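First subunit A sits with subunit B, and in the next complex the same chain sits with subunit C.
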Partner chain A sequence: MKRRLALWICLLLVWSLLPMLWQLISSFSTAESLVNGSIPFLQRWTLVHYKELLASDPPFWRYLLNSAIVSALTTVITLALAIPAAYGLARVPLQLRRVLRWITVAAALFPYVLLFLALLELARRFSLGNSLIALAMPYSGLAMPLALLLLTSVFESLPRELEDAARLEGLGLWQRLRWVLVPLLAPATASTAILVFLFAWNEYPIALTWLSRDELLTLPVAMARIAGSSIYSIPYGAYAAATVLGSIPLLLLVLICQRQIVSGLTNGAIKG
Partner chain B sequence: MNLLLLLPALLMIGLVFVWPMIRYGWLSFHANSVLTGLNPVPNGGANWIRLLDDQRFWQDALQTTRFAGVSVGLELLLALAIALLLDQRWRGRGVVRALALLPWALPTTMMALGWRWIFNTPYGPLERLNEFVGLGPLNLLSTPMWTWLVTVVADVWKTTPFIALLLLAGLQTIPKDLYSAFRLEGGRPIQALRCITLPLLMPYVLIALLFRGAQAFGVFDLIQVLTGGGPAGSTESVALYAYLNAMRFLDFGYSATAMLAGFLLLTSAMLILAMLLRLSGLMKPVQP
Partner chain C sequence: MLHLNGLGKRFGEQWILRDLNMQVDEGECVALLGTSGCGKSTALRLIAGLDRQDEGSIELDGEPLDSIPAERRRIAMVFQSYALFPHLSVRENLNLGLKIRGVSPAQRQQRIETVLDTVRLREMADRRPQQLSGGQRQRVALARALLRDPRVYLLDEPMSNLDAQLRDDLRPELRQLILQGTQPVLYVTHDQQEAMALANRIAVLKDGRIEQIGTPEELYKTPASQFVASFIGRPQINLLPVDKQLTIGIRPEDVGFDPEGMPCRLISREWQGASQLLLLDSPRGALRMLCAGDLSLSEPLHVSWLTSAEHRFDAGSGHRLAE
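Let's turn to the complex of A and B:
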């Protein structure tokens, strides 16, 4: 029984990690050894792909920085709007709440790629293209339904008496939010923040249409641009190195915050 | 006051989700392409008539539906197995869970190119393995059938962890007493799966089905980077076709029509699915 369990766990890990492991191996292989299997084992390895990536123009870390800026900004804006809204949503009359909840669920289900054209029009009309700060606007809107769903369920589960007591003590709305509700909300806020951050970090179609200047590209767009350069001569070694470098921040995020991610996803499922 | 707090967030949702649909509705009754100097000119229902007759759109709609159906089905099966595994108690479960979650957290475009390398002919690892078997080159990314399968594998690889977590959350709501009672009555483990686990897990399966179904129908990143819709348009999705209409053929009126049509198809499919599920008694009316 024990042994069978271990076997299944190994299978799961192989399935999840093997494709990434292949990228890791490729990234350290010389261009020659990627296409020629008969090169002796010891002569196959190199760091040249990493050096090239960091020396290219713009250097690779620039894309990571861009993605980090957009994602952080998106997270801040989304939470700043979603926390008060979730509070309001948990306090409006039941009928209205039901309607608003359906709208939020429908928006969260929506495959947002279908929105890109209208959003691109907005970007052109108000000259928001090629700006990382402007890009955080549609991102916040797109992440809003998910954030609302996650946060509302928590506000609803908090006992009303707690807030009434604070009101009796003479605390205003903002004070109640700041000193009573937000601290109780901290775990849910953390997991919401991480999920919103991940969404913005991975978003592709909107960034693809809003950004065109090389030094402003976010990570997903920069990756895809390498792919689009040519079908036959993709520099797979350099590309694999980019995959590895690009995964490191996420690898750390997932390993450190897996508890929050899991609880965010599962809360969303139970109550959404 | 409470409504005031809601307003900014609702405005944001309205601007990003509702406005585009209104705009597409308007655009779909206008010609707006290079031919009109990128200015909207009313053209009656010409876009919609063209759409009804557009073989490529309907072909894509069919392909996208097939892709969504097969990958979500496979994902649910695999995710159930993974969730059952993660529901057991064993040491190091947290780390394994985090590692298994990794494919879901990575940008789709990043691994899409990774898959292109893995399925490359003749240098990818799969073709290398195949050399030993000696079947001749598989041409995984230039044969429609294989390429389609590759996109399904890539999608299953990426999103199974997400569904597995949803199902795991469901599994953990099932009281363990039920299983011990069942065992005392002489039930076998495989029967417990059928009589206790699956029925109680059904709401979670349905949530995953609806959510992933909608997302998979909107598949774009993966297809655009991994296959570009090829070979010969055999993996093109509705979203990719709409994208190409706008960004490559610069026909915004028709692109808006295609996207609105895709949205309407998806919504009706979802409503029919929900109705069938409710009729079959699997889904209870939602109680917020």
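Let's turn to the complex of A and C:
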């Protein structure tokens, strides 16, 4: 039984990690070796893709920085609004809460790509284009329903008496949030934050339409440009190197918050 | 002095608590006694301000509490579940409220150390609540209530999660810590023995209404209804129907052997050490009887009791009939 399980886990790991490994190998291989299988193993390695990426104008780390700024800002705005909102939602009467929850679910499931023309119009009207801070606004709006759903269900799962005890201790509303509820929700908040961060990190259509200046591009848009930079050949190597660099910050984030994510997920953060 | 005037609470259409009138004096402990779900916790939550009553009013020292939010009522409550903050150590649990209420760090430190000594938890001060036993958690909850320096103590079945041994151990502690202060204390329990041992007066609750309120002695000697009679006193009172109108109650300890009495058959006996509880089959129905533990029994048994020990109840309503 145990060995069967281990086998399955190994298969799953291969299934999900193999593409990444492929990218890793590609990113260190010369362009020629990627299309020509007869090049000997020892002669195929190179760092040229990375060098090019970092030497280009603007350098690749600039895109990473842009994405990091937008994603971090999105996460902060989303959580700052979603935590109090989720608290409020968890406290409204049951029937109203049900209605509100359905609306939130509908909003979370809505294919947001359909909104991008309208959003583009907004950006034009209020000159929000080419600003990373402005880009975080639609992002946090779009991430809000999911964050709200996740956080509301955790607030609901907290025993009512904990907050009652805090009230009798003399803690006002914000003090209860600050000293009791938010610390108790830390694991769930961390896993929500990562989902929001991921969304903003990967978002493509809105970034594509809102940003045009080279030095402001976020990672997905920059990657798309690399992929389409030449009409004669596809730059597999450069693309793979960009993928590798682009996933390093996420890997770091997940490693740092690993404990919170796991306990948040198993705490029933993703229920209801 | 805590005063409840016609307090009522309903959830939807159903009244959970109705017409609760009661007064708790300085330094007095009143026990709220009742079966599970009869509205005891609800009553405490109303007094603490955690829920809002649908009718009636609450007064403390002559001043109405209704417009004061729970945060500022200065009422301490020990919850049925203790409700300790799981993310904080024992010391931090005690510290949080003091800090919020603006007590200076030096004074905080000193008061926490004192109270930790009082509840004998000094070695546990840096543990989280999950790492404590039930009895220790209960003492942390008590300590938190003590530090609140409240105007009223509300204790919601503080011992219901503990085993019988621990309960007996903690009862004197509780009496010393809280019941000797000058504040009114409301003590909720469904254990009549605990209520008898701790409270100055007991209010027996049934379906959200007070069935009877009085000293333990009054409740034992003159129960106002069959319900109170069978709730107070262990082993349980015998209720013997006489006719369609009358039921009499006779306590097992008031039944005695008497060669002239009713002949009975012994069905079973529970030996309790100093005493034994006999279950008898009498011409008037099943009968519980308490007698000395070292008595050897020989059938047939003849038993009787004094008419003055009988409690007479209306068979229909269950109310006590005038003597």
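Assume the second predicted complex is superposed on the first by the 242 of 272 C-alpha atoms of A that agree within 3 Å, B and C clash if a C-alpha of one lies under 4 Å from a C-alpha of the other, contacts with A are read in each partner's own complex, and residues count from 1 in each chain.
The criterion applied here is as follows: contacts are C-beta pairs under 8 Å (C-beta built on N, C-alpha and C of every residue); 3 or more make two chains touch, one makes a residue touch a chain.
Owing to the predicted nature of the structure, the values given are computational and were not obtained by experimental measurement.
Subunit B versus subunit C on the shared subunit A, clash or fit?
Subunit B/subunit C on subunit A - fit side by side.
What is the contact status of A:175 with respect to subunit B (first) and subunit C (second): first, second, both, or neither?
Second partner only.
In the overlay, answer first, second, both or neither for which of subunit B and subunit C A:145 touches.
Touch partner of A:145: subunit B, not subunit C.
Using the touch definition from the top, say if A:133 reaches subunit B (first), subunit C (second), both or neither.
Neither: A:133 stays clear of subunit B and subunit C.
With both complexes superposed on chain A, which partner does A:184 reach: first (subunit B), second (subunit C), both or neither?
A:184 sits against subunit C, while subunit B stays out of touch.
Is A:54 contacted by the first partner subunit B, the second partner subunit C, both or neither?
A:54 contacts neither subunit B nor subunit C.
In the overlaid three-chain picture, which partner chain does A:22 touch, first (subunit B) or second (subunit C), both, or neither?
First partner only.
With the two structures laid over each other on chain A, which partner does A:164 touch: subunit B (first), subunit C (second), both, or neither?
second
Students often get this wrong, so check: with C-alpha centres, what angle lies at subunit A between subunit B and subunit C, to the nearest 10 degrees?
Angle at the centre of subunit A: 100 degrees.
Of the partners subunit B and subunit C, which touch A:250 in the superposed model: first, second, both, neither?
first
Going by the touch definition up top, name the partner, subunit B or subunit C, that contacts more of subunit A.
Touching more of subunit A: B.
Can you give the closest approach of subunit B to subunit C, taken over C-alpha atoms and in whole Å, for the superposition?
Checking C-alpha atoms only, subunit B sits 14 Å from subunit C at its nearest point.
Under the contact rule defined above, give the subunit A residues that sit at the interface with subunit B and also at the interface with subunit C.
none
Taking the complex as given, what residues does subunit C use to touch subunit A?
Interface residues on the subunit C side: 45, 48-50, 70-73, 75-77, 79-81, 83-87, 96-97, 100-101, 144, 148.
Subunit A touches which residues of subunit B in the complex?
1-6, 8-10, 12-13, 15-17, 19-20, 23-24, 82, 85, 88, 90, 94-103, 105-118, 120, 123, 125, 128, 157, 161-162, 165-166, 168-170, 172-173, 204, 207-208, 210-211, 214-215, 217-218, 220-221, 224-225, 228, 239, 242-243, 246-247, 252, 255-256, 259, 262-263, 266, 270, 288
Tell me, which parts of subunit A touch subunit B in their complex?
Residue list for subunit A touching subunit B: 5, 8-9, 12-13, 15-17, 19-20, 22-23, 26, 34-35, 37, 81-82, 84-85, 87-89, 91-92, 97-98, 100-101, 103-104, 107-121, 138, 140-142, 144-145, 148, 173, 198, 201-202, 204-205, 209, 219-221, 223-224, 226-227, 231, 234, 236, 239-240, 242-243, 246-247, 250-251, 253-255, 258-259, 261-262, 265-266, 269-270, 272.
Subunit C touches which residues of subunit A in the complex?
The contact residues of subunit A facing subunit C are 159, 161-162, 164-172, 175, 179-180, 183-184, 186.
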